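What follows is one structure encoded as structure tokens, with my remarks underneath.
Which chain is which? They are A, B and C, in the order written, and residues in each are numbered from 1.
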């Protein structure tokens, strides 16, 4: 069975990696914004306000959604084609991968997708007023996103879920970052070690960065 | 006795090939499409010929025994390919390459063919570079050369230790291009089991067995080219691949083609020694190791004995107690003495009780001095892959302890007799590469096999076959439903049925191993009259035993590996006898053929130019009759025939 | 040494196939893996059973004919080694060894451990060559090629076309094989003329034949008997992007 639908294999991979790199950049922005919470609620609210009102950002968020959608769509297409490519598996398989998390990309990806829905439900949809009782207000009558977040992170179960999801996200990113470079042909023997190191460092920083915020809030450190 | 006509063109040797090409007949482009050619084998000769003939516009059908043309055993040639480019400016010329090849062949090759080989050698390098063969290069960006046994110049081009692979992949690429274009049709997993010769005496087709379905298939053409390699596997253990066999050539012989000089078999000096009864093949270590490795055995028998018992390690033997016997006996060429000379010298030492290794059938090849001189890194860059391979097979590290090597059957100089046009005595049957006998005489120099394969395939056969085909344009397509095809297929079927009907108890390999043993002992590195006579008798007895007791299980339809092997071994059992007969009749020592009765007091080979300066072309006369000997006299006009001397330059 | 073997037996392409248990005894540690199978086959023949069909030819690690997925690895557990050069000393006495054919949709099983790898030939036919005809080429030294470039091309050209990369890849992708050929010619000046068409048509053929997509797991590189580097895949991706853009 041919592996031609939805462009050639390499084109599909290139789309995948470009979207991935785009999302990787987005995560940095997101983390930066989240980290404001560690400093002050006002700073975080100001950031949230900017993100929620700036017309460019407003427009761009649809690009971001499209990025997610394309990334997910191609992730699924690639995976299905890959399963079809080996109709009968091996009885015994040894460990051979050099980038082991690549094996679980579809699973970590799907879990991240579920998380994303829940995450959007908790914040974005609330903010948009599609579900829940709306965002709590500050004393000035402005939206207090910080309060919304802090309230959510009082639930131990939710914090645990959040932490686990970001560890999975870390695995996803550890493969994703360097893999995108390889797919785009940016593999050079002199720099490859650096890119792989950067990939791992990025995955760790993002994971720790996202994870410490709920933990700090839950344990009342900030 | 039939008169042999080798069709050597007139004129001075340097002009013969040009003159031939100037006067040969050509086929016009429109007519080429009407001509079919069968090429059997996809090694260097077969692939390059099929590709070149396809490019010209002929309809080519090419057959290979493996699943892909790229698997042919040419792929295993390691060291390199010779050419008279003289890039290193060390005095090489076409004449010198020609001279070295004739001398290396112990003055038993046809002068005109060998000269032509040297002449087109340069074109091969040009062609392969254009195909993208990644030959080794100097820092300047120009091609690198190294030296090889039997030469005083550096004329060997190489691609690491995988020259044959790279050249074959180049030819395979050219072939793939033609298959894509539609001029060549590829048939894989087919083994040729008979040649079809028409009543008018012309070769017009083949019978093959489809190794997957087991069915016999007929293919017809206006000419047939056999490029089916050598018959070294008659010895069971050799450096040949498992499917390398002599059946295509043998079947052609039984249809009337002459078999020339079957006794000339090259024993390669640098193989990994035999380690057990179950062993299936011998692995070659590239001869290029002899550039930097020094070959030795202990000077004292007791040291050799203690090494065999593992009481001493090779490094424990002090310099003064080592016998660098090649450097001692052949000061000018030293460790780079030709293959036959080196092999016999190793055997001589081992027979005299100085051999090492558990069996006593091994000598050392030591990189110690080279590592000291050049550093481990340089040695690693040059021979790293060989050293790794040796470690995988033997578990020993050649940086620390010397390699152990011993000679093994490697190449067959003998083969189907061909004339200057590489056409056998059967009109329309051409033979290229190792399958023919033509260019190497009684011994082949290193890095010359792939040179010959490619020169035959790219630059000679496309011309000479065209010369033959020029008067075939009016013949029209050859039908496969003629009585000749019927008869040939019936013969093959009868052979298969007979094998299946034996229902004995003994596996084919057991007979093959026994045959190999007889061949190695009696028709091996050193032969003598009594041994050969005994060998012939033993082969005949073994053959009888085979047809009574061989076990071929299963069904002839579908994949049946035992049947495949049985068909090949049945032919080897006949071919082995012809080799022994040829060796017995040749009462001299020449190149790969060493008769113990004919040696100088210090053990060097003694030729007999007066009585044996000829090609022995054997003619099949029937299973119950002795083969007839036809002689093609060899005349040397451009080279003075001398005793081969590698002691002084 | 003694071994228990679990070997995939399948009479024909359409047969369902199953694992069959065998035992071999008194095998020398110096025997190669294929010689061990030879010994087993001799026993099977003597018992009148059908010997195990497997591909092999040169038995010196260069023809690329041998295959076999041994204990979870293509060509067995030893790195940079083909099955024919694998020796029994690398296994533990008494060990159970599982032997399977290559598994990939484009490599259908033909019998037992033999698979059809002609898909690789088809990919080469799609453009894995330089379209030069015999004769009429310049002198070999007419175009100098930087030594490092020639060495890189040789690294890529060392591929033996065995299919271990496809067998190892969790997606049965042929990217390492295809990229090795694309790289070799993309690096050399002689190959640059057709480089763009070559990469496009070889990738298209690879996709058409149903090989999976590369997900940069790099199992191919880890298992390649000739240690072909995944930098070739990156180079092919670059070539592909360049070819599509221009």
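The definition used in the following text is that a residue touches a chain if its C-beta (ideal position, glycine included) is under 8 Å from a C-beta of that chain, and two chains touch if they have at least 3 such contacts.
Since this is a predicted model, take the numbers as computed values, not measurements.
Taken as a graph of touching chains, this assembly is arranged as a line, each chain contacting the next along an open chain of partners. Chains B-C form the pair with the most C-beta pairs in contact.
For the pair subunit B and subunit C, the distance between mean C-alpha positions equals 27 Å.
For this pair, subunit A with subunit C, the centres built from the Cα atoms lie 37 Å apart. Subunit B has its Cα centroid 63 Å from the Cα centroid of subunit A. Interface residues of subunit C, counted against subunit B in their complex, comprise 12, 28, 30-32, 34-35, 38-39, 42, 45-46, 48-51, 53, 55-65, 78, 80-81, 85-87, 89, 110-111, 114, 116-118, 120-121, 124-126, 128-135, 137-141, 143-147, 150-151, 153-154, 157-158, 160-161, 184-185, 188, 190-191. Here subunit A touches subunit C in the complex through residues 1-4, 8-14, 78, 81-82, 84-100, 102-103, 105, 175, 178-179, 182-189, 192, going by the rule given at the top. For subunit C in complex with subunit A, the touching residues are 6, 8, 19, 69, 71-73, 77, 98, 100, 103-106, 168, 170-173, 175, 203-204, 206-219, 221-223, 229-231, 233-241, 244. Subunit B contributes residues 48, 51-52, 55, 66-73, 75-76, 85, 87, 122-123, 125-143, 159-160, 162, 164-166, 169, 172-174, 176-177, 179-180, 186, 188, 212, 239, 241-243, 275-276, 278-281, 283-284, 388-389, 392-395, 458-459, 462, 505, 507, 509-510, 551, 553-554, 558-559, 561-562 to its touches with subunit C in the complex.
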